[in-house]
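In this document, chain identifiers A, B, C and D correspond to the written order of the chains, with residue numbering beginning at 1 in each.
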Amino acid sequence: MVGLGKYAATVLGAYAVTILLLAVLVIATLRRGRVMRERLEAQERRMARHG
Amino acid sequence: MAPRSATPVPMILTVSDLAVAQGGMAILEGLSFDLAPGAALVLRGPNGIGKTTLLRTVAGLLPPRAGRIALPAEGTAYAGHADGLKAVLSVAENLRFWARIYGTADIAPALSAMDLQAHADRPAQTLSAGQKRRLGLARLLVSGRRLWLLDEPTVSLDAASVGLFAGAVRAHLARGGAALMATHVDLGLDEAELLDLLAFRARPPAAGQGGGFDGAFDGPFDGAFT
Amino acid sequence: MSIWEYANPKKFMETSSWALPWVTGLAVVTLLTGLVWGFFFTPDDYRQGSTVKIIYIHVPAAMMAINCWAMMLVTSLIWLVRRHHVSVLAAKAAAPVGMTMTLIALFTGAIWGQPMWGTWWAWDPRLTSFLILFLFYLGYLALWEAVDDPDSAADLTSVLCLVGSVFALLSRYAVLFWNQGLHQGASLSLDSKEHVSDVFAYPLWTSMAGFVLLFLTLVLLRTRTEIRARRLRALEARERMA
Amino acid sequence: MLALLLRDLRLATRAGGGFGLSLAFFLIVTVLVPFGVGPQSERLAAIAPGILWVGALLACLLSLDRIFALDREDGSLDLLATAPVPLEGVVAVKAVAHWLTTGLPLTLAAPVLGILLSLPAGGYVWLALSLALGTPALSFIGAFGAAVTVGLKRGGLLLSLLVLPLYIPTLIFGAEAARRGTEGLSPATPLLMLAGITLGALALLPFAGAAAIRAGLR
């Protein structure tokens, strides 16, 4: 690993937190997107059937 | 609509091609009617058709989705479901407050018209439903406005109070005023015109047009997606 | 084609659907190069040692936290003036991203300061401003959840955003007045990059571009979801009416 | 407009109007502090201005959601919106009524409670002055928050979440002015900033509040 010296924990900690928070945000965004899309398609199919 | 008299009398209220929305959705559209002095119009239709929404739009509480509303210069007097009375204040204090808001000096005539003089000093919370509604009507009298907008005016009223209400409205019409009322209950006002809102229910926008946000979703929404 | 074209959500969905893959790809590439370049290929700072590497996430995140609120302010204004539905939905979509960026700035700032300050939190004015900004984001999102009618929710949150922006600025200067501050000095401050020597600056610019693109991708994605949610609500209402 | 102010004042002072509530809350909060922090008077003296300011601020917050919620429940908010009075004026008058029934009494009571926290002698005047300048801003910002959250479910909780961050500049400058006053330094700058914020709030927030009420009436 590149020489992080005695502050290794600090630097890695900061990056870990950032990656964690970004991951939570991206996953939440993607999941909400998929759920909403499926519900919308289901609703449209139902509306189409009933005319 | 209201019978056309010989000379074109200036209309108190003119509504042309009005569309009304609730929760971002158009619920009524293509509404056109007008009220001559002395005319009363009752909005009828099943619950949830949009009677209250239409009345609130005419009162200016809601922006119309489309169309125009020509109101009298001096504005309107609106009365909603609740009477807007402060329970802790007395009948006279409540009425005097509204009188000063509308710039009327004397509340005595309104009190006597609604025969509330006896209860002038009683706190509003001790009044019966009928008396509270009469105080609400007294507020309308005090407002001095020619156009009354009444939402479910006779709800929770006994027969005698309904009669008194009808009398008050007739007197108001006789003085050249006009009234637009939304209710699904008979008001005892036989001479009032009826307007059934079922005919003006907003149809889902046909493909391609339809104003506003929801109208823009025509056809299969996901057609736009790869 | 003026941006008012995008008032029509269908138009926005069409354009965003072909733009999205490109923006996502660009964001991933830029972000990775920026971070890898900064993390592996830059020397340590003579004073701070390797903690300087935190600059590549703290500074961009802090910048994005502020820019996101500015974007929400502009979109709220567009909604209030032009009733542009997609614009206010973009503001609603951007708020959680801005809040996450503020959190990242707060955490990385606290972790970075820990070795020098000796404590995890030293009420440093700049970090405190981000704490206040985080509260504003929280209030904004809570208001969106609390209002049912979509149009009045849009109006209320837009007014709150306007008022909040004024008070966020006021808080920024009140906090500076309140505590002279221990923050790094101008070399690593948000608004003056040129103090940072070039070897640090280039990767910093890259990762900043990466954060901006990441922000764009997430906001596009979330705005599309908001539009779908709004369409779903409209269809359900129409179904009830029929 | 005056009619509205007089009516609101009469409502607040009439039985059940909740006039003394925020004063009682302010007293209780101030009394609780020594139990939490310890009775040593030098320690109390050091934090007295700040504690009194935070106490006054929370006492203000307590009675904010009543400003519009009562009128909405009995329907008079709709009637006021259709009455020939500007909604901006209604919001401003409501905020003034809130200040007269809450902000002013707190400002007068604060020095008295200062004794409980062994506030140094020089501080009383500056504490009262800073509160007198700051509490109007608290009422106007609060009225804006109340206008935004009127009619919402759990509006009271949301109100504090929205309003407290907006109170931060006023709190910082107000408490700082009071603290400098007690230590004999010249509190001119914080007082000026405090007055600036208050004047800005008085001028602009009624418009934002009226816009919020109109949005809420839909």
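Simple rule for what comes next: a residue touches a chain if its C-beta (ideal position, glycine included) is under 8 Å from a C-beta of that chain, and two chains touch if they have at least 3 such contacts.
Predicted model, so just to flag it, every value in this text is computed and none were measured.
**Q** Measuring centre to centre with C-alpha atoms, which chain is farthest from chain B?
**A** A
**Q** When the contacting C-beta pairs are counted for B-C and for C-D, which pair yields the higher total?
**A** Between the chain pairs B-C and C-D, C-D carries more contacts.
**Q** Measure off the straight-line distance from the CA centroid of chain B to the CA centroid of chain C, and report it in whole Å.
**A** 46
**Q** Averaging over Cα atoms per chain, report the distance between chain C and chain D in Å.
**A** That gives a centre separation of 32 Å.
**Q** Mind checking the centre-to-centre distance between chain A and chain D? Centres are C-alpha means, answer in whole Å.
**A** Those two chain centres are 41 Å apart.
**Q** How far is the middle of chain A from the middle of chain C, if each middle is the mean of its Cα atoms, in Å?
**A** Whole-Å distance between the two chain centres: 16.
**Q** Indicate the residues of chain A shared as contacts by at least two other chains.
**A** Residue numbers touching two or more other chains: 37, 40, 44.
**Q** Two or more other chains touching the same residue: where does that happen in chain D?
**A** Answer for chain D, listing residues that touch two or more other chains: 218.
**Q** Considering chain C alone, which of its residues make contact with at least two other chains?
**A** Chain C, residues with two or more chain partners: 149, 151, 228, 231, 235, 238, 242.
**Q** Would you tell me which residues of chain C are touching chain A in their complex?
**A** 39-40, 44, 48-51, 53-54, 57-58, 61, 96-97, 100, 103-104, 107-108, 111-112, 114-115, 214, 218, 221-222, 224-225, 228-229, 231-232, 235-236, 238-239, 242
**Q** Which bits of chain A are touching chain C when the two form their complex?
**A** The contact residues of chain A facing chain C are 2-8, 10-11, 13-15, 17-18, 21-22, 24-26, 28-30, 32-33, 36-37, 39-40, 43-44, 46-47, 50.
**Q** So in the complex, the part of chain B that touches chain D is made up of which residues?
**A** Chain B residues touching chain D: 56, 59-62, 75-89, 93, 97-98, 100-103, 139, 149.
**Q** What does chain B use to touch chain C in their complex?
**A** 23-25, 27, 201, 204, 213-214, 216-218, 221, 224-226
**Q** Show me the residue ranges of chain C that touch chain B in the complex, using the header's touch definition.
**A** Going by the criterion above, the answer is residues 7-10, 13-14, 17-18, 85, 148-151, 228, 230-231, 233-235, 237-238, 241-242.
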